[in-house]
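Here come two complexes built around chain A, the first alongside chain B, the second alongside chain C.
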Partner chain A sequence: MQTSSAAPATTLFDRIVGFLAWLALIFLLFPVVLTAIVSLNDSFFIEFPPKALSFKWYFNIVNIHAIGRSTLISASIALSAALLCTTLAIAASLAISRYQFSGKAFLTAFLLSPITMPMVAVGIALIQFFIMIGAAFTWYSLLIGHMVLVIAYPIRTLLASLTLMNPSLEEAATSLGASKFKAFWTVTLPQMKPGLISGFLFAFLISFDNYPISVFLVRGGLSTMPIEVFNYISQNLDPTPAAFSTLYVIVISLIIAYAERRYRIVSYSIQ
Partner chain B sequence: MSGLELEDINVWLNGQKILHDVNISIAKGECVALLGPSGCGKTTTLRTIAGFIHPQAGDVRISGQSCVDLPPNRRNVGLVFQDYALFPHMTVAQNVGYGLRMRKRSDSESEKLVHQFLEMVQLDHVKDRMPQSLSGGQRQRVALARALVIKPDILLLDEPLGALDRKLRDQMQVELKQLQKQLGVTTIIVTHDQEEALSLADRVAVMFGGKIREIGTPQSLYDRPKHRDVMDFLGSSNLFRCTVTHVSEDGVTVSGPGGFQTVLNRTDFQLNQNVLVGIRPEHLSIERAVADSPRASVSGTVHETVYKGSLMEVLIKTTDDHIFRAAVSPRSLTHGQIESGAAISLVLEKDFIQIFQD
Partner chain C sequence: MGQFTSTVRITGSRDSFWSRYSGALFLLAPLLVFLIIFYVIPFAHMLRESFQYASSDTQAGEGLTLHQYIKTWSSARIGRVMERTFRMSLLTVAITLVLSYPIALLLLRLKSSIRTIILLVIFISLASSLIVRNYGWVVVLADKGALNALIQALGLMDKPVRLMYSEVAIVIGLVHFSIPFMVLPIYSSLLRQPSSLQEASQSLGGNAWQTFSKITLPLSLPGVFGGTVLTFALSMSAYVTPLMLGSPSSSMISQVAAEQLLIQLNFPYGAAIIVTLTVLTFLIVAAYATLLRKVFRADV
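== the complex of A and B ==
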């Protein structure tokens, strides 16, 4: 093989950076791998390393209280919140990226603020508000709470995709005879697709496993998956939640892998 | 018949006046280049014609019809953007067919036209590719086909060759000119590249500070500009200060550096007035020092020579320290004449001497 001068020699700096990157990767993956190993433990208690392997805790998942119903509620809330927030975020991000208006910086900061606010504080504020207006502990109040939680994500990803979009494209469309609406529908919206999909996925995932906000907004039959899993953990010591978590990680990873393959969303959000 | 008229166009953007009374009339099928430094208003003029900017005053007429109040999508204008602005999520054929779809042409008709125009720019073989996979030159042709397939009344080109490399530019320049003539479409090219403007356009309008300073055929504008800043902007030039030393019925005698003296057939100058005299470097020739030449000449010494391939640039310094720039064919020089420090006489071709008010 011909060696050319194109590839520079690996420096000590490169090696250190590479080493740190591996370290970070291991640090991030370690809990997940540990959970997976624990979930396969045959014994009744969480122990490491496991003495014998078995899938029996996976079959015990059904015994988590109301796991089916709460997962369905979580899914319906996450799906609705993600859909509504992504739709609202289209309008908001277009306004922010296209127009100059007073209070624009404030509005942007406000819409993105839920990411930085302590969730417990948001939860307490929300439940006080819902009690005040007499709408507490309903599916709708839970949905609104989750919308507050996740709206910032699609706004961020959509703003990114609008910033990356070539502003000439829409002008090219209108100069070719497209009305404003047609140009938006046939050119702008397709350009926002990666932002739409990654924003939707972020919103869905953040809502789906949120605990600190949900815990204030649920009561009785209205309960979400993370709450039921946490309740199970606080009352039992067996590895069932580990089995559930492992299953959960696998399903989510498959969804993200598919979305990344199809739409390159992860590489897109990093840009 | 007039293809496009701009009448007293005035544009303010963000409280700043960008265009001052821009007037231009372009014949059907004519190709005009708007040339000027960046910020001179040429792009604003283009965007006003396309309809993206509504002028605060003035009228835009396409084929005699005022369209100043029409939105861009209701003017039949084909626009090729500097960055081509191809739709990245559509194939080449879908890009070219976009304008036809917006005009609700039947699928079979669209397909035929797309095929025809892609063939015209020799790109029919890439019709199913995505724009990102094309080379710069190919992208530009797709953008051109997309703008032309709608049979626009006006074709607007924004820095059409700016993003291409040297060799491709030369090739596209020829192709673009042939295509424009073949289709007979009224064309406006916006560019800051003089070579592009001079080689592509039938007429060139030089813009400075939001105004059209001078408009004319490339050759008249280059050889006989009426304004000193146009002369200065276009190509390279020698501009030097002279004094009117004699006024007679035959014209005025001007004298300047290096013993320069000539009689020019002009009457609009007064005795002792300071004037600027300009001449292109290629209208200067170098001769061995000859005394008492009746021609307009300057004597000096060779200061420096710069070899530029097809041309040799010679800098000549007069005794009063004025530098003249002459562009001569390297073959026309004998070795001795271009040696640094050699005393020579610089002959100015009288026909090409321009004189401006100082």
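== the complex of A and C ==
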């Protein structure tokens, strides 16, 4: 926008930038589109070009081992982890944005550090710890592993929304006679909403998708959806995972599009 | 009376100290307790374990030892895998940067409706399952996959090319995974630049390339730093992507550590490998931040 208004003539530089950008976007979409094509192919193997159209691989999704049970476990873990982490993050981000204390930068870096830890390291550290305290391979130990995995995401988005916010609004509410709780509930919380929604959404999606931490923390009947899908891919060559992937991307797209329409999470996350 | 007043004043000052920080402590305590029990203690425990003998070690004994680290550093295989992991991560960061910066620049120039669509595509990509995205590359790169079909249709080769299970396939997967993590911080750093700076450069006769290299790029270095560090850290510790797109001869360091734990059941050795990776990644990132700060005077 800014550049085009100042320089109407497209230069070689602009053309190179545009070419690379569209190349990168095609690269981003390429495997998704091709997976969708493969998922509709009648053939028993991944094959190009597709010969006959069929929806049979979509019906075959139910034959992925324990897909129903593992999806339920993944959903319950992701929902619990996202809810608990967002709650913990609301309190912590309020403390960081409202109070002045020394070591704040260090504390923030510490709270955000799980993002950059190798996931295999988190998995190894936690499974040894759970074995030591005798709580390994339980639903709760899996939940705690996922909470460590996702905690940094709501903290990051909430801190971003709180720094943009004007604290004098809450002061105005209390000076007009609202209780502290009421001022928080009616003034502060609505303003935290975009950070809340995008933090919750990312916590949920990242937990739902995780493989490298879960693989250490599950055993036997306790299993997650990504683990079962991964196992299916490594043991079978048919295009069922393509059908599954296409369905997954469609559902994710609908959720993100809805969240953008309703809460403007995309425009918000950029600022 | 005077004594009474001074007592009140002392309790008063204590009260104000307490009331100033009790709120923050109360709000932070639940999260800090959680992270200390389930993050700090497990990592401290793992660190301690990495300084112990495994039951399978021949000279097994009690007490702390550097045995696992000596084993890590003297193993030719670990050295090879570590070098490969570093090389592939560096390549991933470079390619991702070259592809992502133009997207960020393009986003600035587009109409807001198209911009929102592209941002949605990037967000959906970010939120789509890693296994799903890697599987997409299996579909593209397989022997009978899309790319081979294209190569043969164009008559470039008469037999399928082995694209899967190679370092190239892993780097493609890693770049695909990393693009959203690179685009978003760069784009937000570009948004923060006042457009008047670019206009000033152009009105003073600077061409598009000069404006970019003298104004836009230096001012966006904090975003570039954020994106490259995240991409580098994610690539260095990649586990699922090399597992799905690579072969044993292209394995990365997380796989070797996981193998010690899941297959060899050698916890101390696996812990030492992963601690080495974590510390190395941290040191490289710290050196990189210092370089950007000293050489380019970037505010990172």
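Following the convention adopted for this analysis, the second predicted complex is superposed on the first by the 253 of 271 C-alpha atoms of A that agree within 3 Å, B and C clash if a C-alpha of one lies under 4 Å from a C-alpha of the other, contacts with A are read in each partner's own complex, and residues count from 1 in each chain.
The working rule: a contact is a pair of C-beta atoms (placed from the backbone, for glycine too) under 8 Å apart; a residue touches a chain by one contact, two chains touch by 3 or more.
Since the structure is predicted, the reported quantities are computational estimates derived from the model, not experimental observations.
> For A:Asp14, decide between first (touching chain B), second (touching chain C), both and neither.
Touch status of A:Asp14: second partner only.
> According to the stated criteria, A:Gln191 is in contact with first (chain B), second (chain C), both, or neither; which is it?
In the superposition, A:Gln191 touches chain B alone.
> If we overlay the two complexes on their shared chain A, which of chain B and chain C does A:Arg98 touch? Say first, second, both or neither.
Touch partner of A:Arg98: chain C, not chain B.
> Answer with first, second, both or neither: which of chain B and chain C does A:Pro241 touch in the superposed model?
second
> Looking at chain A, does chain B or chain C touch a larger number of its residues?
C
> Touching A:Ala125 in the superposition: chain B (first), chain C (second), both, neither?
second
> Which partner does A:Ile61 contact after superposing on A: first (chain B), second (chain C), both, neither?
The answer is neither, since A:Ile61 touches no partner chain.
> So chain A touches chain B in one structure and chain C in the other; where do those two contact lists coincide?
none
> Which residues, counting only chain B, touch chain A once they are in their complex?
Interface residues on the chain B side: 50-52, 71-73, 77-79, 81-83, 85-89, 98-99, 102-103, 146-147, 150.
> For the complex, give me every residue of chain A touching chain B.
Per the touch definition, chain A meets chain B at residues 166, 168-169, 171-179, 182-183, 186-187, 190-191, 193.
> Hey, which residues of chain A end up touching chain C in the complex?
By the definition above, chain A touches chain C via 1-4, 6-7, 11-14, 16-25, 27-32, 34-35, 37-38, 45-49, 88-89, 91-92, 94-96, 98-99, 101, 107, 110-111, 114-121, 123-129, 132, 144, 147-148, 151, 201-202, 205, 208-209, 211-212, 215-216, 226, 229-230, 233, 241-242, 244-245, 248-249, 252-253, 255-257, 260, 265-267, 269-271.
> Which chain C residues qualify as touching chain A in the complex?
Contacts found on chain C: 20-21, 23-25, 27-28, 30-31, 34-35, 38-39, 41-43, 45-46, 49, 98-100, 102-103, 105-106, 108-111, 116, 118-125, 127-133, 135-140, 142, 144-146, 148-150, 175-176, 179, 184, 187-188, 191, 195, 198-199, 202-203, 207-209, 212, 229-230, 233, 236-237, 239-240, 244, 254, 257-258, 261-262, 267, 270-271, 274-275, 277-278, 281.
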